Structures are given as C-alpha cells and as structure tokens.
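To keep things clear, I will list the structure first and then write my remarks on it.
Chain IDs A, B, C and D follow the sequence of writing; residue 1 opens each chain.
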Amino acid sequence: MSEATLERGLKAFREQMNAPIASFFSSCVNCGMCAEACLFYTETGDPKYTPINKLEPFRRIWEQEYTLWGRVKSWLGLSQPVDDELLEAWEPLVYDGCTLCGRCSMVCPVGNDISYMIRCAREGFVAAGYAPDGMKNASRRAVTIGSPMGVKFPALAAQIKHVEADTGLTIPVDVEGVDYMALLSSMEIMNFPEYMAALARIFKQVGITWTLCSEAFEATNSGIQIGSSDIAKELVNRIVVAAERLKVKYVISPECGHAYTAIRWEGPNLIGRPYNFKVVHILELLEELRSSGRLKTEGYEDARLTFHDPCQIVRKGGVLEQPRHLLNMVASDFVEMNDHREMNWCCGGGGGVSAIERAEALRLKVFKRKKSQLEELNVDTLVTACANCRLIIEEGLEEYRMEIPVVGLTEMIAEHLVGDEKNE
Amino acid sequence: MAETGKGMGKTLAQSLRESGVSRRGFLKFCTATASMMALPPSMAPAIAQALGKAKRPSVIWLSFQECTGCTESLTRSHSPTVENLIFDYISLDYHHTLQVAAGEGAEAAREAAMRENKGQYIVVVDGSIPLGNPGYSAIAGISNLQMLEETVAGAAAVVAVGTCAAFGGLPHAKPNPTGAVSVSEIVKDKPVVNVSGCPPIPTVITGVLAHFLTFGSLPELDALGRPMAFFGKSIHDRCYRRPFYDKGLYAETFDDEGARKGWCLYRLGCKGPMAYNACATAKWNRGTSWPVESGHGCLGCSEPDFWDAGGFYNALSIPDSDITRQAVYVAGAGVALGAVAGAVNRSKQARAREEHEPVTIDDLDKRP
Amino acid sequence: MQQLQDIAVRVEAVDGAELNHSNALPIMHEILHALQRLRKEGEGATIDLQSIPFGPGDEEELLHLLGRGEVSIELQSLGKSSIWETAYPGVWLIDHHNAEGERIALQIEINRIPEIVLSQDEDISDAIVRLDTQLNPNATGSR
Amino acid sequence: MSTPVDFLLWVRGPGFDIALVVFIIGILIRLLEVLILGRKPDYAEPRGGELGAGLRTLLTRTLPEPGTFKRSPFTVVGGYIWHIGFFISLFLFVPHIELIDATIGLSWPGIASNLVDAVAAVTLVTLVAMLFSRLTHPVKRLLSGPEDYLSWLVTFLPVMTGYLAYHRMIDPYPLVLGLHILSVEILMVVFPFTKLMHAFTFIIARWYNGAMAGRRGVQS
C-alpha cells in the first residue's frame, strides 16, 4: 500500500508544472497587489495571507527544478529545499486561508491565475499528507459513503418522500432515457430540501423530463477541494457512469459552486475524455427556459434584495448574466453589491474551507467583508445560488447578529411559477 | 619660480614700455591676454601686475613622432598677433622646425639653453615617443626617449602639445607599431601640461605659455592634465547647437533640411559630448569658425584614443561591433539552448506523470 | 597675398530667424543686472564676448539689440580699438584690434566710462616729464 | 583600462557583446523552458474562445481593477509612472534610438532631450519611493527577497547613471557614459535570471489567464 510522503508530494508538484504556471511564476514581481484582492488579507491584515505567498513551496519546485538558473543555484547550494517543515507551515495558508475564489486572479497586473496555481499546489500538499483533517474526513466519507456529509441514499429517499408529500409531485429516481439528470449537494438534501421541491415544480410547469440517480445524486466533490485529482476523478466518474447508463442528454449541476467546477470544467479532464452528455448549471437551464418563454412567473418580491455571486459559478464558472435575468423576473427592488459579478467577494467558506473545523474563527473573521458589503446596501433579503455560500452566510449573519434571510434563487423562481397550485 | 635667470634681464612691462607702448596699451594687452587665457576680464589687473614682474623664460621645443601640424597650427595661421607678442617675450631657444641653426649648432643651442636656465626652462613637446625600436625616431642620432629624458631633467615644467604628445595620438592608435607613448608616461617627476587636440587650438598653446609667463606657475589642470580654463567644459556644453539637441532636432544627413538649419549633429557621429576643448569659443582660423559651425560633427580629437573610439560618423551611443549579425547567431544559439532546456523540463514533467501513484483515501494521512 | 579675412564667408540662411541661436538674450539680461548694480553700488562689470559660444548670427543680433549711443571713442595703442556707448547709457562696447587689424578682444563694459579710456598714472607721469622737457629744454631735473 | 576612454571603449565593445550574448540566449532559454512545458488538452466543452479572450486580457490587464486601485493606489500609480518613465527614457531618447537603429535597423522619431530628462528625474524619484514602499509595506516586505532588491538596483542604476551622464555630473564624460552603458549591460546580464523576465513572460501569463477564463465564458 502506498502512503503519503514528502517524495510523493514533490512528485505531485512536479507533475502539476505546465506552461501557464511556469509563466505565472516567471512573471510575478512581488508587487503585493493580489493581497488587496484577497479577503483573508483585507480582513486580517496579516501579510502571510497574500495570495502569491501561499505558493512559496510550489514556487521553489518551479524555480529549482524547472528553471536553468534555479538548477544552477541548487547545485551551488543556494536554494532552500521544500521539506516537511515548509509544507506543514504552509498547509494552513493553502487550505484554511484560501477559498479558491479566484479574485486575486482577476487583479494580478502580470496576469497570474493565482487560484489556479493554488488548486494545483494542493495536489502536492495532499500527496505529501498535508491537508486539514476536516477535508480529509470529508473526502473519506465522499469516497466510502458517497457524500462528504455522510448522506446515503436512504436519507435522500426519506427527503424525497417529504418533498413529494409537500408538493404532491413525484420526484423521479433512476428513470432511463429522460433528458435531464439532476444532481444535489448534501447540504441541499439535508438543509435546503426546498431546492428539490423547486426543481420538481419548475420542471413540471415547463414539461421537462428528469430524474435523480440513486447511485450518483451527490454533486459535491471533496477531491477538487482537497486537491486530489485521483479522488476527484473517482467521484466524477460515478456521475459520468450513472448519466451514461441512464442515457440522459443533460446533467444539471445544482446550486453549489465547486460542484459546478468539478463536473463542468474539471470532470472531462479528470476522466481524460469529453462527456457523452452536456453539463448545465441550474441557473443556465432556468435562463434558457425563461428566454425561450417556457418558464413563466407572476408577481414580484417586494423585499429589497441583492445577489451574492458564488465564485465558482460566476467568476470561475461563467454564469454571470443568467442570475440577473432570473432575478429581474421576480424581483422589483434588486440592487447590486458594490463589487459584483466577476469581482464579487467570497463568502469565506468556499474551496473546502467550510469543512475545516479549525478554520472556523478565521472564516468568521473574513466574513466581515461580506458583512460590510451587505451593510452598505441595507437589503431585506440575500439571494444566492450556492448551498455552501448560503450556509456560510447564514452562519456569518448569525454570528454578527444580522437578520437577513438567505434564499436560493431557484426556490425564489419556483415561488412565483404561474399556475402552480402553491401560488395564491 | 621664474625669478631671475641669466639672459632673462628685463621684465615684460619694462620691455613694452621701452618700445613706446603706453600704460593704456599695456592694459589693452593684458585684457587680450586674459581673454586668450580664458580668464574672466576681472583678472586683467592681476595680469597687469604679474606681467609687470614677469621675466622672459626659456622654451625648448622638442618634436618627436608628429606631423608638424601642431607647429603649423601655432605658426602658419598667424600673422603677428597677441600670441606673437607673447612669443617675443619668451625665448624660444630650440625648435628644429623653426630655428635657423641646424645640425650640431642646433643641438649646441639646446644644450646651452638647458645649462643657462637649469631648473627654469619650459620644455614643449609635440609628437609621441616610440618605445619600440629607438631607431623609429631619432634626432641628431639621439633617440626621442633619450632626448626627452635628458632635456626634461633640468626643466621647470613640460607642456605636451597635441594629442600625440598628450595621449599618444595617431602613432598610438591600434596596432601602435612603434610602441608610441605619451609624454606623461615617461615624465613622472615634472609637472606635465597636456594641450591636446589634433592640432591643438593655437591660442590654447600660447595661453598656457602666457599663463606660465604671467604667473610663473602652471594653470589648474583636469584629470587628464589639461588646463581647466580651456578643457573644463565639453564641446557639447559650449556648443551653440546644444538647444537643438535639447529640443530633439537633429540633422540626419549632411545635406538634409536639419543640416541646413544648423541642427544638432549627434546622429551624424558628433563626439562633442565626450570631447573637452575650447573650439566653441576660441574657434579656428582667427575666430572664423570651428568644425560644428562648419557643419561637421566633432571628431573628439582632444581625447585619448580618439582614433580607436569607433567610427567618426557613428553616433556616440552605438557600440563598435557588428551587433546585428552577431545577434542573429546568438539568437540561433539561444533557440537551440532553449530547446534543450525545454526538453529537460518536459522530460522531468513526463517522468513525474509516469511515476504518478494515485492518491487514495487510505493514504491521505502522513504516516511517520 | 590674400588674407584669410578677405575671403568672403557667406552663411546661407534658411530664413532669418533660424540664425539666431538665442545666445543674445541671456546676455541682455546679464547686462540689465550689471546696470542695476552699477547704479546701486557703483560697481562696474565686464563681459568677455569671446568666451561665449556664439553661433552664426548671435553677435550681430546682440550688437543690433544694443544699438549705438551718443559717444564713440577711438583708441590707437598697439592697434586700433573702437569704443562706443550703446543705446543704453552705461553699457559700452569695446572692440580691440591689433596692429594688423585683427580683433584681439571684444567686450561689453558696464561702467560710467570704460577703464581703459581713463588716462593712466604712469602715462601722466610720463607726460609731465615730456612736457617739462619740451618747455624747459635746458633745465635738468627741474621737478 | 587605464583611462576613462579605454573603459568606455571596453563597455561599448567587448562588454556590450558579452551582455548581448547573455541577454539574448538567457531570454530565449527562459521563454522556451516555459513554453515547451505546454499544457494538457482540455476536454471540457468550452463556453467561449481562448484566443480573443487571451488577447483581450493581455491588453485589459494594463489597467488596474478599480477596487484594487482604490486599495493600493500607490503601487498602481507608482508602477505606472516608473514603467512609463522608464520606457520613455529608453525608447524616445535619441541616442538610444541610434543604438536600436544600429542594432536592429529600426528607427523612429525621438522626443526633446530635456523632456526625457524631466521624465527620467520623475522616474528616479518614483523608483526610490517604490523601494521605500517595498521596505516598509508589510506585504511587500514579506514577499521581497534579495532578488527583488537586485532587480530594483539594476533597474535603478541605468536611469541614475543616464541622468548623471546627461547632466555630466561625473567628470570626465567618457567615464560617466561608460558607467551608464555598463549599468545597462549589468541589467542585460541580470535580466534573464531574475523576475525582470516578467517584461516578456507577462505576455504569456496574461494570455493564459485570459484564455483560461475566456474558455469558461468570463473576461478576466
């Protein structure tokens, strides 16, 4: 049996090296501007959270092993090695102190995609055994049980019963040959079952055939977060196998940020081939239905509301305009935050940070960024499209005693469906 | 210094007065002398006072590896002027181009002057000294080196006139077949004044001699041993075309509009910025003009190694070698080496991928 | 033999303005300051124009700007010197030539009267001797 | 190397040749060792094109993101001033254009030398301020190592010696001109081995950033 060792970690770093990363490291002039884009720096004032600083171990591998001059320096004994001590010291920066939100990648004047580099660097950390316990445990549960939160199908089945009872609609499971296979995140199953209900109601109105899959209902991917492509591949593969077995045309990524990144953008590369189906985010699907006139709503929300852009869906997913169109469909008083769309600020719990118990205090501290954004707007309701953001924001609002309800956009749309018996 | 010596009898002021020159005329002479020495007009009274006491010094002029251009500069361009007046009041006791005496008589005159004015006389040298074969240049069977050494032994000071004497000049240019050196490389124990230029400006030569005659001392010198009064500023600093340089107006060829309008000649290879001389103010041919005014860039003739300092028509900022061709070869080598470096990187990356061992949930923990 | 100065040197002007290399104006300013000092402190000043890097046309421009005033003096001593007050009283131009007619100095003197014009003590003493000798040809050492 | 002119001839001759060889070979090695690494094929269905988005980011990153500009105006403005000042001094000073013309046969009009002089003075002051900021700002101080200070020094010296040469503040001129050229040669030699390489690799980096984002339908 293999084991996590420094040597494996170094190999993983080496394996991750490619032209983009080499060009990024070559270009960095340590101007420090990425710090100002990172909420871990802006909210703590601690320079160690400067995004590019989080990459020091990876940078050393690049310099010492992938540059001529770095090799010469190593031969001359002028280089500091990457050792266990270094990785241990940097582990909290790479995991607790980064949500992979990618805001830094938007401001770097030389164009470094720092969050991409950190995603790659995590491969080395996890291979060397340096990853937070919370994320390790989530990964173990995801692989062995099928969900990072330990949700098994019977638990989902129970929720399905509740939703069916609530809505009077059938939630299809393991139906072959339908157009859409929906995925859920554990959080939606356990904390926000209203999402499932919303899907059922919307799809009924627009007449979409869909199903859940008992063997691959979990959309989240702990492997992406901990930074192990091997684990991520195993998790993605379950969905691919299921979707191809059920012969669906589309797989719907739920209101969960990193799930979208995992299944939409990383998945095909993890399994090494394109899919036989398309992946759409639920908001993409809804917007398509709206613009084609199939999705009809009535009435408007009176509340003053704003939208929190989930990093992985908006900035790193490319679903920017869809949520705006959908919101304008049902909201009369929608206001944008100061920094929005691709320049939004992270909730502080993305990239697996929400799974790290020891990072809780830090996470709440950096939430102040979102808090002050909300305070500027004085809104009644916050809408978002990521179950993880939703949970983190709810925790943060509770911590700072702010009473702003947080709702999922899909549910809000469902509340306004025309001809739905639930609507008065 | 330069108090009395035999044969130096009267002071300059006395001589002038005896030849019927009024005090007013003497003051005019002093004014002209100050102007010639590039001293401020306010120095004229001090010059008058000093000249009132000055005695006629003996000058021995030695010519070595030279073209006689320096002597030409000094003499040919002159009808009697204030410089000549000065020369009337020094005693040019040996100058083998100018003197009437020849052969042994000439050498005897030199030896007599050296004997009679021991420790007082000035040696003017034009031309460089060959250190290769002594036979390369000799006078009356005496090698240049030997003549210089024995003449300088009793001198008060040495004036190296012209770039050959000052810095080696043309004979010193690569490949320097005669092993030519400058005066200052041989004379270490006497003050040496370098009046460089190819040729030097005549008033600068006489200005230095006038300074010695007037004040009995040598003028203030720059790091290359040249009188500050004349060589303290570069051609560029005193050039009337400098405003065009500042404005970025340059002649591109010798016959374009810029050239006709008198714009800066930097791009045509003017060495003004690195050449220190008084051409811009003293001018040539009795104040008629000077190279830049005539539309040609400065060659930098008053500087060491000016023959080897790149082409006369290359801008000062450009290197000497054929960089373009060199750059092509070098780029070829760079691509080849870069390809090798890239291949090494590539193989490292490939090996790491080959050796990849999948991370499973069982080995998430580091086991000591 | 033809003298060098006999060869006509004509500067081909592109147009008149091009020939002024604007060295004249700073000198005019210098003259103004010297003139103010002369009035306040009685202190004269001299500017040696040969130490100034004039371009073609600069000297003509300066002389044109200064103009001619009321006084002209001609001095004959070791050649001719032309001295004249410019259009600005107190500002004198002194143009020294040698016996061959070549210029040996060109100066602007800011003073009530140029120093060189004043009769010199030595010359006055000399004059007394000569005058005395002329008036009393037989007396010896009457003074 | 006995006189300043000998020194000038050396830096203009063999010295420049050496620097040019190191500079060209070094840069090509650095670029190729990056580019040849390549990247794996991306099987995810693209939402947008890479090329256009990459080129757009290449240009748009020249302007700062407004929020970041508000948070670190000094770094942004200082960075602009000295980069622009450096390029004006480097590429619009006529003696430099002559050099480029002699090297690669390209030439363009320069600007007034005294304007370049003023720009160089501002550049110098800004560079000093940037160094001060690097030494005092907690983030920059943490990030900076010897290489950063070396890069600063070899960038500062050519501007400073150029300024001294233009104003002839060191005598004789061949000495200060030689020092100026030498400082540029030092810059050229150090360039490929330090983060000064960003002057070339930023093009690759920005392009990849824009392309990777563009593929996902985001203009980064």
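Here, contacts are C-beta pairs under 8 Å (C-beta built on N, C-alpha and C of every residue); 3 or more make two chains touch, one makes a residue touch a chain.
Note that the coordinates shown come from a computational prediction; the quantities given were computed from them, not determined experimentally.
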Of all the chains, which has the CA centre nearest the overall CA centre?
-> D
Chain B to chain D, mean C-alpha position gap in Å, rounds to 39
What whole-number Å value describes the gap between the mean CA coordinates of chain C and chain D?
-> 57
Taking each chain's mean CA coordinate, chain A and chain D are separated, in whole Å, by 38
Let me have the rounded angstrom distance from the C-alpha centre of chain B over to the C-alpha centre of chain C, please.
-> 32
What residues in chain D touch two or more of the other chains?
-> 29-30, 33, 35-38
Which chain A residues touch at least two other chains?
-> 17-18, 22, 66, 68
Listed by label, touching pairs are A-B, A-D, B-C, B-D
Write out the stretch or stretches of chain D touching chain B in their complex.
-> 3, 5-6, 8-9, 12-13, 16-17, 20-21, 24-33, 35-38, 94-96, 98-99, 101-105, 109-115, 168, 171-174, 177
Chain A - residues contacting chain B, complex | 1-5, 8, 11-12, 14-15, 17-18, 22, 65-66, 68, 84, 126-131, 136, 139-140, 143-144, 226, 228, 230-231
Enumerate the contact residues on chain A facing chain D in the complex.
-> 17-20, 22-24, 26-33, 35-37, 41-42, 45, 47-48, 50, 52-53, 66-69, 105-113, 116, 264-269, 272-275, 278-279, 315-320, 338-339, 342-343
Which positions of chain C touch chain B when the two form their complex?
-> 3-5, 9, 12, 14, 18-19, 21-23, 46-48, 50-56, 58, 75, 77-78, 81, 96, 98-100, 102-105, 107, 115-116, 119-123, 126
Chain A touches which residues of chain D in the complex?
-> 29-30, 33-40, 42-45, 47-48, 57-58, 61, 64-65, 67-68, 71-72, 75-76, 79, 137-144, 148, 151, 192-193, 195, 197-198, 201-202, 204-210, 212-213, 216-220
